[in-house]
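Each of the next two complexes has chain A plus one more chain, namely chain B in the first and chain C in the second.
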Partner chain A sequence: MSAPTSSFRDGRGFDRILVWITLGFLIVFSAFPLVYNVIMSFQNVDLFTLASFDRPFVGLDNYDEVLTRNATQIIVRNTAVFVVLSVAAQLSIGFALALFFQQRFPGATWLRGLFLAGWIMPGLVVGGVWSFILAGDFGVLNWLLQTLGVTDDKIFWLSDPSKSLYSVIIANVWVGVPFNMILLSVGLAAIPDDIYEAAELDGAGRVWRFLTITLPLMRAQLGAVISLGIIFTLQQFDLFAALTQGGPSNGSNVMQYWSWELSFQDYRIGQGSAVSVLMILVVIGVAAIYVRSTRHEHAA
Partner chain B sequence: MTIRTLLAGTAAIAASPAFAQEQVELDLWTIDDPGEYHYVMAEEYMAANPEVTINLRTVQFPDMVNDLARAIATGDSPDITYIDNPEVALFASRGLLMDLSPYIEASDIVNAEDIFPGPLASVSYDGGIYGIPRGANTIALYYNADMFEAAGLDPDAPPQTWDELYEAAKVLTKPEDNVYGLAFSANGNEEGTFQFLPWVQMTGGDYDNIATPGAERALTLWKAFIDERLASPDTLIRGQWDSTGTFNAGNAAMSISGPWEIPRMSEEAQFDWRVALLPVPDTEAERASALGEGDNVILANTDEPEAAFAFLEFLYDNMDRVWNEFGYLPASEVEVVDPKFPEAYAVFEESMQYARNRGPSPDWPQISKAVQTAIQSALTGQATPADALAEAQETISDVVN
Partner chain C sequence: MLRDERLSQYALLTVALALVATYLFPVYWMYVTALKSGNEIVAWPPTFWPADPDFAAAEVWERLQMATYMKNSVIIAVGVTLIVVTLGTGCGYALARVRSRWMDVVLFAILMMQVLPSSLMITPIFVAFSQIGLLDYPRTAVILAQAAKVLPFYVVLTRATFIQVPKELEEAALVDGNSRIGAFLSINVPLARNGILVAALLIFLQSLGEYVYSRSLIQARAFQPATVGLQSFMGPNTSDWQGVMTYAAIYVTPIILFFVLLQRQIVSGLTSGALK
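Moving on to the complex of A and B:
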């Protein structure tokens, strides 16, 4: 770094510049907000002290407060249900579709491309469309179910606290499936055909080939898709804002939405930060799994 | 900052008659879009006062508090802004708003005694007056007179009490025709508090005294509306505007909402719609209603307090126009000549006398949240109305003290 122009020639200084640019970017845009957030979670912060560093430290009060609220238990449980069900459904449907489009039929690639439409739509638009479908009194889904004779009574998908979380999950699965499918399609395409042919010659059936060839060779992709799925699902905010606002009565509230509510509706910003710090810990764990699964990929 | 101070200094030294017509710039934040109140008024004011330039900026209503707090923190706040009335105490308690009382005392145009008690309370904090209401609104009971007649109810005698409201809702509910008796909003946001608090206030309670038998009775009645399907379960996640939309479409026979509905209702509702005062718990009970709309306030760090107040005076002076031109009620004693929708106006104008402020409290958002939580947990059956209100009271007492 002392003489960047001269070391440009031997290429070593250039490496360092690249590293420092990346590192600088990460420090400014990732590390600083992260650390700032952690600090705020130990302070008493309201709207008007947001910009100053001189705020009273309150130790673990914020954590104590958010962990002992009546709503905490239900929100943590909702978050777990939301993540597990969303990721499981996104993965299995996405994988099934990827396998389906792997069969080379006319128009397969086109149709697969069209599936991405759901992925590129803004979350609020998706939420708006699903709120039409799931509306209680005049929703499309209720009309369909009643016409088909599945149910006589209207189902209040969004305003019944025992159902509202599942409504958001349905919409979230719809949003996440295309991404899962594309990523897994890429992995499937990378498996050489001759392995399957050899296995077929040896007498391995479809199911056996799937279990002994496809699954093991897709390990890295599956690991990556699952960890990314968990991270994306933990970031899912728009659908909650558009469909239920976490309600009724926290029936569909999850930690990411709660953190925003605490910070920007109640203006208990320290507590909102505490919730997001707890979430960061979970995401770090998931990210570690993701890094491990991609490292495996590079080694292979 | 330094340049501005320098300029101000030079201006003071050079102060002479030649500089009397010095250009004044005022920054104004509003929730209006071009063509609405603040834009129209600012244009008229600038045309009449060429030395004043008003720079308007539209801020979305839900973002106003956040944006304003951020602007104050970075020293970039406007001179004048609109604030929703329960938030005035939030800013005033932190010394961020200019106390207008000395200006009002000296003013020939603004007389605090002419402002209705509810709106005046919403801008008062700790002995000071920190804003001037730009108008007001309140809620009342809209009803479909045709449905009343069809159900054998007298359309000239709308429900006066809670019991009558309940009975009417029962008679008017027709599940086979997709008609609910009543539409209102128990949404888990400020709208839920806005709709519920008047019911508590009619029974003698208020935001800081909410675990009362009266409040419990109100919440139990709300729960009956939902449980007996006299109102849609979607009431829990729907705002007033969407709820009243179902009334306009003929899917609810009555609706509780405010005057902002009238322009749309007069176009969409294909029936004889009328308005009545919000029913009271018993015939002798005192009336109450919600107080909505917001206030024009001046930020404490403005460079142009006189010019800013002069514009506020102009706004106040045009209070008689707000009903016909902008769709809300005057917040002070003025005569509205030839009001549009005269029957509805008469009801809302009377209702305005009973409109009560939410708060004031510097921590209103937290109090409101506690009330919303109580409403929602009781209506979903997670807690009994009494328990839900007791828990809200506990939270609110913590916040207030």
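Moving on to the complex of A and C:
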């Protein structure tokens, strides 16, 4: 029997082949598009040159074009607002719920799990339901706000350019809360009870115990949840498609939606690639920091 | 003292139920709206229980051609799940068993590919697929693209499962003369069965709701999945909210049922994969 075959049957070759099966598929369908994306961002790609393998290179023109548009400033700002507000709200609500469900009462775990129903529903369905809730004339949210006396006039969440981004943020927070809560619950459950008991004997109040025990011990978990929150928020596309399509007049447009819009509605595919490359760098940067920090925790 | 404790437990339970009800209100609203007809949908103030429940499921299923859309969604989700389970299970196992610098690099690369957003990857995928003629098989194109998107997540989840399978059983099988592949299939896979099933189910449910790739790669209505269908009925000026909500309800009810039945397994599978 030749060496490679026996290594496949018995030795390390078996593990290598298993890994390469997955890697091979990912290289063809993920890594190659990633590289191709970078190349296209330096080319003039539109409907006429789409099928060609020999497209004219245009240097940094695409980047120049997308970074100097009038809309760029609004869209970059929207993206930042979308990420910061979504992550902040998901985290605070998720953390509050995780702390609440950490208490002992019948059915706590099961009821906590029900929240994930929001996370598992297709994004487009969530967007559809929220666009009905947020409707200006007959939406139930406006009814609630008026009944509570928060506002006198109906708010046109989806069609008012100054509000539309917030309508997507509301829906996105709803989607993200369960995941935040479940991950933070895991961290809370890992903190031993006797630390709290000892602190209680020493006379530490609830708030003090939270600040001096819970928060410091949850530091790694909070870091992980924030990084994952940023990554998931930058992946959000379906809610934009279902709620506002980035509009009106880019009022709710963000980079990841704009990239798709440039490629598939304006057919400026080279420019769509340029936006895509820039955002992929951001996402990979956040992910690399996250992975490195969790590796570090394990080594320590 | 004991009575106080019981009392506070019930108080907590009441608050918990109120929190769950508040959170799940949008799901309730979807079902209630699906049962309202005509003017009641746009009534002001809104009604929280339909005055005259109108069950439109059969009519909507027929009129919005849901059979085609649902069939395509299932075809895509099944295709993705088959590819991912076939290709990814072994990789999750190898990454759990072998510890080396090389494997660390592989794991890092896989984690990086897990975070690539579909809406950013679709541009190069669309151009490349159209150049090689893959767009003539639109559902296959979506299956391949979505498989590449979710494969890393599946590998990470199954790796967490295989780590928990004791090494000794496999070693004993090897001593008994099993080949590596024999031991893997007859010892490791059966022992990791639950984790594999939960991971596969999560991939299936995610692919059932896939939107970006289907919207961009599939032109013909006959091949579009339910998400793209829903979007096309939901235009900015839609007035058929009963139709939209009935469609949504038919679409997500199986997903929600799956979820409620397997809630415990899904939650534990998710948490083990995301944090280790």
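One rule holds for everything that comes next: the second predicted complex is superposed on the first by the 272 of 300 C-alpha atoms of A that agree within 3 Å, B and C clash if a C-alpha of one lies under 4 Å from a C-alpha of the other, contacts with A are read in each partner's own complex, and residues count from 1 in each chain.
Quick note on the criterion: a residue touches a chain if its C-beta (ideal position, glycine included) is under 8 Å from a C-beta of that chain, and two chains touch if they have at least 3 such contacts.
Computed from a predicted structure; not experimentally measured.
Chemist: One more residue to check, A:118. First (chain B), second (chain C), both or neither?
Modeler: It touches chain C, and chain B stays clear.
Chemist: In this superposed model, does chain C or chain B come into contact with more residues of chain A?
Modeler: Partner with more touched residues of chain A: C.
Chemist: Between chain B (first) and chain C (second), which does A:150 come into contact with in this model arrangement: first, second, both, or neither?
Modeler: It touches nothing on chain B or chain C.
Chemist: Touch check for A:70: first (chain B), second (chain C), both, or neither?
Modeler: In the superposition, A:70 touches chain B alone.
Chemist: With both complexes superposed on chain A, which partner does A:50 reach: first (chain B), second (chain C), both or neither?
Modeler: It touches chain B and chain C both.
Chemist: Determine, under the contact definition given at the top, whether A:161 touches first (chain B), second (chain C), both, or neither.
Modeler: first
Chemist: Give one of first, second, both or neither to describe whether A:211 is in contact with chain B, with chain C, with both, or with none.
Modeler: In the superposition, A:211 contacts neither chain B nor chain C.
Chemist: Could you look at A:284 and tell me whether it touches chain B, chain C, both or neither (first, second, both, neither)?
Modeler: A:284 contacts chain C only, not chain B.
Chemist: Kindly classify A:84 by the partners it touches after superposition: chain B alone (first), chain C alone (second), both, or neither?
Modeler: neither
Chemist: Jot down the residues of chain A that show up as touching in both complexes, chain B in one and chain C in the other.
Modeler: 50-51, 137, 158, 245, 264
Chemist: Touching residues of chain B toward chain A in the complex: what are they?
Modeler: Contacts found on chain B: 65-66, 69-70, 72-74, 94, 96, 178, 187-189, 232-238, 246, 251, 365-366, 369, 373, 376-377, 379-380, 382, 391.
Chemist: Chain C touches which residues of chain A in the complex?
Modeler: Interface residues on the chain A side: 8-12, 14-19, 21-23, 25-26, 28-34, 36-37, 40, 45, 50-51, 53, 97, 100-101, 103-111, 113-118, 120-126, 128-133, 137-138, 140, 143, 147, 158, 174, 177, 179, 182-183, 186, 221, 224, 228, 231, 234-235, 237-238, 241-242, 245, 256-257, 259-260, 263-264, 269, 272-273, 276, 279-280, 283-284, 286-288, 291, 294.
Chemist: Give the list of chain A residues in touch with chain B in this complex.
Modeler: 47-48, 50-52, 70-71, 135-137, 156, 158-161, 164, 244-251, 264-268
Chemist: Inside the complex, what are the residues of chain C that reach chain A?
Modeler: Going by the criterion above, the answer is residues 9-10, 12-13, 15-17, 19-20, 23-24, 26-27, 29-30, 33, 41-46, 83, 87-88, 90-91, 93-95, 97-98, 103, 106, 108-128, 130-131, 144-145, 147-149, 151-152, 155, 174, 179-181, 184, 205, 208-209, 211-212, 215-216, 226-227, 230-231, 234, 236, 241, 244-245, 248, 251-252, 255-256, 259-260, 263-264, 266-267, 270-271, 274-275.
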